[in-house]
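Two complexes come next, and they have one chain in common, chain A, joined by chain B in the first and chain C in the second.
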Partner chain A sequence: MDPFLLEAIVNGILLGGVFALPVLGLNLVFGVVDVVWLCYAELVMVGMYCVWFLYTQAGFPLALAFLVCLPVVGLLGLLLHQVVVRPLLNSPPITQVLATGGVIFVLQGSAMLAFGTDFRSLGVEMPPIEVEDIFISGTKLVAFVAALLGAGALWTFLKFTYVGTAIRAIARDREVMPLMGVDPKRIYMVASAIGGGLAGLAACLLVVQLDVHPYIGLSFGPITFMICVMGGLGNMLGGFLAAFLMGVIVSTGGFWWNTEMSYVVAFACFIVVMFARPRGLFAR
Partner chain B sequence: MVIHRRSVLAGAAALAATRAHAQGGGAPIRIGLLHDLSGPFAGAGSVPLSVGAEIAIELFNERGGAGGRMIQPVAADSQSRAEVAINEAERLIGQENVDVVMGVYSSAHAVPLAQRMQAAGKILWINSAIATAVLKGKHFTNVFRPTVHSDQYGEGSIAFLAEHCQRTTNIAPNAFKIGIIHEDGPYGVGVATALEENANKIGMPIALKEGYSATAPDLSTLVTKLRRARPDAILQVGYNPDITLFLRQAKAGGLRTRMVIGHGAGYSQIDRLAETFGKDINHFCNVDPAGTQMLDPAKLSSQARELQQILLARYRARTQATDAPTHASMGFNNSWIFLEHVLKPAVLEGGGSIDAIRRAALSVDIPVGGTIQGYGVKFNPPDHELAGQNARSLAVVMQFEDARAKVVWPTAIAGGPPVMPLPADNAFALR
Partner chain C sequence: MIRVAVVVFAILAVLPLLGLPDYFMHLGIATMLIALSCTGWALMGRFGLVSFGHGAFIGIAAYTMALLWNDVGLSPWIGLPAGVSLAVAAAALLAYPCFRLRVVGHYFALVTLAAGEIVRILIVALRDYTGGSLGMTPRLAPDHAVAAMQFGKQGFWWIALIAWGIGIFAWWRIDRSMSARALSAIGEDEDAAAAIGIRVTREKMAITLLSAGLAALGGALGAQYRLYLNPETLAGIGVSLQIVFGALAGGMYSMLGPTVGAAFTTALEEVLRVAFGTAFIGAAPLIYGILLVLFIQFLPRGIVGWFDRRR
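Take a look at the complex of A and B:
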């Protein structure tokens, strides 16, 4: 096999790992609360600024900056739910989408006022891993492993804890579960905080790979939504698998054609999936 | 260096307020300043461009304005989006009643803006957007661009490599392989096309030519393809998020080459690149109009030398920057050309009408060395294929060393020969 093609496939899988975390967070929130957080990529952006500020300005060790970032963005997710989403829970979906879409501008504008328009870099590097003639980015590999661990931790939480079981149950049937004694308001808050926490984890993995600026969400936000829909909105396993599938499509599409065409191919695949399985590739 | 959008807008507002109170010989002249003060382009050079323009207006007013009439800038933020740029231009000419819109960072904005301003019968003075397509074959009468155009980037880059590759790498120009990668807007496509045409003219092989979106979240496949193509030099045309993403992934992906050449925009933000990559970008080259501090003052006219010192002092005072980026020079220089050499005579001799401004622009005749960026000014007439383009604009090749840049081409004005190939201790150098 052409080693360069193999390298492209490996890169695609690693890229899928980067997409997977925000996809999981978005799907968790949508599955439970039934509201799409259009501003999800901007939560990631806030997390990236948080790490950058703590590490480069406040002098925190990087690991500590990461540890602080997770609850900070988790709290932001909770705040988003309480302030923006909760009052609109019974509103038409378009109202909810417009409201969370409006938060995009609030967060972008706030970041611009606080940090300016400059691109901020963490300046952290890891040496690449060279196997035969294939180069694997050390940073990407660590991010990939961390994404898998994060996804595993989420799965364990949802599978083996009472709250996790309640979250899954609410996601299955939002109307019946309150009759069984589950408090949906509390579950919504927990799911929103976890969704925010996953955005924080995604921020930790992205900030070592990308410069942060107020509009960084434009780079990965749209494709994250596309992956969510492709895997089945609200379906966490579907979204997780679709992230890797999309990563490999983008990477190999770029290898065989060109980088611009890779996204054309990815969107074409998305459209075909939507025609064939409108509820998503892995919808039950 | 931190330049906030609000400080830029506040600066422009304060400047405008000051002018409103200025004692002068008539009503102030309102000029629209259209820049990307937010969005990705803001951090890629558009904000320094706007600061340079503001300093030029400030200085022009201090020196009495145009026959006593002060300039009142009306700042607008195009937010790095073409549709916003057009809406803001409409607002400037329709509601703010300006006859001249100046600035414009992105070629993607300049292409539709030029059409719109021409149709509206107003003047568009482009300080930065460099795509040849903005003016080529359009025969605009109301659009002027003092700065270089993308064809010159192609000529400069390839001529530089052709002149130095044999001596420094022992590879003849017709065997020296280049890889061209570019963002896929008018700027990237324009420069990449010029690079390809100039390489083809001298038989320089192109190992890979590929476009990408400036907001792409991943360019690692492009790195893989470049590794497979093994170009002797990589020529990139990009803004800033994409440049830093590419270089970071190129380093992690083991991409090695003999030379990396950028073409303005993101590569002109030397302080930003140095902050991110440190010594890794040492000996990279960049093609652009020269930042004024890179030029030998002895080769400039006495007026240009004086303006050079004023710009550098005021820019540092305003931004606390250690070094003024090239876009600051572009913003100041091209605005000053308009104010001093076009608007002033148009007001004094023709009452400041649009016709008078157009005539004054076509009459400008500044020799080489007469501006702070070294080039002269003579605009092509409307029947020229590149009507409104400054025929005396000049792109140079500069080379980075420890966050500073020095001119290495054209040889006649170079501060010394280039370091080529990249030294062995460079992270991107061939091992």
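Take a look at the complex of A and C:
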């Protein structure tokens, strides 16, 4: 096989790992609370600024900056739920989605006020790793592994803890669970905080690869939503697999044409998939 | 409501004769054209067909019109209908499989969102023709201003007013037709609607094409008025959300709601822009966003919907 194509495929899989985290977070929130957070990519953006600020301005060690970023964005997710989503829980879905759409402007505006519109770089770079003929970016590989670990941790939590089981149960049947003694309000809060935390983790992995600026959410937000829908909204495993599929499509599309066209191809693929499987690729 | 609309139309028609300041004229034209797009969006949005991709149709129409003028030399008087037709064709291409295959709700919203992004990225990627992110300007033709649809503020005011009137008229006609009943039924329950003999796909297609066409007309005229095209302001999520917010803020269930909403959001943006200027970059979107969220929480049926309920 052409080594460049192989490299593109490997990079696509690595990219998929980074897409996977926000997809899992969105799916978790949608599955449990039944609301699409349109501003999810902006939560990631805030997390990226958080790491950048702590590392380059406040002089924190990078690992500590990462550790602080997770709960900060987690709290932001909780705040988003309590302030914006909760009063609208009984409203039609369109109002809920648009309210979180309004938060996009709030977060972008806050970021601009605090840090201006400049591109901010962390300035951390790891040497590429050479395997056979192909080069793999060290930062991307580390990010990929971290994304898998994050996904694994989430799975373990959902599968083996009491709260995790309650979360899965609520996602399956919203009406019955309150009768079983589960307080949905608390579960919503937990899910929102975890959803935010996953955005924080995604932020840590992205900030080492990309420069952060107030509009960066727009560059990966749309594709995150598309991956979620492609895997089936609320379907964690479907979203996880679709993330890798989309990563490879984007990356190999970039190999054959160019980066912009690769996104056009990816979005077109998404629309075609929706026509073939209107409830997502992995709908039961 | 139609009486109010006719009175508003008549007042707006004589306003340019009063020699109002350019700034006011500019805001009026911009508002009427956005109002047309919002009205078009709400035409389908109020029946539960929520599209986040109306930017796609605006982008297609505006760029077709401008490219035909710049590269082929075809007047916008022909280019505009051609562009709008192309936008409507794109809407058909997107909506028909969606409706046949029952892509509804969140899924429909996100498919249309993808369509909007595709158009935006295509415009950027085809930068050899469209100028990419830098945008493009239609060629100026001072000698043939009328043929090139390059009027001053006064002339464009009437064009915008007529376009807006078409949108309101379409709304009024639909409201009085069987289609409105059929679409309400579909919005409640598609299967039940189909069972009583409503041709679901056909009704949804008709309203979608009309909606896309009106939105595209408003957006393309806006581009022609400003004589500047940019992918960020004519396609993609940004403009799609702007249209949706306008419709929602004013109230998407009444004829003049989207217009009131467009006036409100335009005024808000303008007030914030003037208040902050370049002093606190970011303060304007911050306040705009907070107000939008508050609006959605406390006035879910919009400004007009709130007045309607109090009456």
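Remarks
Rule of thumb we're sticking to: the second predicted complex is superposed on the first by the 282 of 284 C-alpha atoms of A that agree within 3 Å, B and C clash if a C-alpha of one lies under 4 Å from a C-alpha of the other, contacts with A are read in each partner's own complex, and residues count from 1 in each chain.
Convention: a residue touches a chain if its C-beta (ideal position, glycine included) is under 8 Å from a C-beta of that chain, and two chains touch if they have at least 3 such contacts.
All values derive from a computational prediction rather than experimental measurement.
Superposition model on chain A: chain B and chain C are shown in a clashing arrangement.
In the superposition on chain A, A:Leu233 contacts chain C only, with no contact to chain B. Using the contact criterion defined above for the overlaid structures, shared-chain residue A:Asp183 touches neither chain B nor chain C, since it reaches no partner.
In the superposed model, A:Asp173 lies in contact with neither chain B nor chain C.
Within the superposed three-chain model, A:Ile104 lies in touch with chain C and out of touch with chain B [touch as defined at top]. By the touch criterion defined above, A:Thr95 lies against chain C but remains apart from chain B after alignment on the C-alpha atoms of chain A. Of the two partner chains placed around the shared chain by superposition, chain B is the only one that A:Asp118 touches, whereas chain C remains out of contact. In the superposition on chain A, A:Arg279 contacts chain C only, with no contact to chain B. The interface of chain A with chain B overlaps its interface with chain C at residues 112-113, 116-117, 214, 218, 258, 260, 263. Partner chain A is touched in their complex by these residues of chain C: 45, 48, 50, 94, 97-98, 101-103, 105-107, 109-111, 113-115, 117-118, 121-122, 124-125, 237-238, 241, 244-245, 248, 280-290, 292-293, 296-297, 300.
Residue ranges of chain A in contact with chain C, taken from their complex: 36, 84, 87-88, 91, 93-95, 97-99, 101-114, 116-117, 214, 218, 221-222, 225-226, 228-229, 233, 258, 260-261, 263-264, 267-268, 270-271, 274-275, 278-279. Chain A contributes residues 4, 7-8, 11-12, 15, 18, 112-113, 116-119, 121, 123, 125-126, 128, 130, 135, 137-140, 209-211, 213-216, 218-220, 223, 250-252, 254-255, 258-260, 262-263 to its touches with chain B in the complex. On chain B, the positions that touch chain A within their shared complex are 1-6, 37-40, 42-43, 47, 80, 184, 210-213, 215-222, 224-225, 227-228, 240-241, 244-245, 248-249, 251-254, 272, 275-276, 278.
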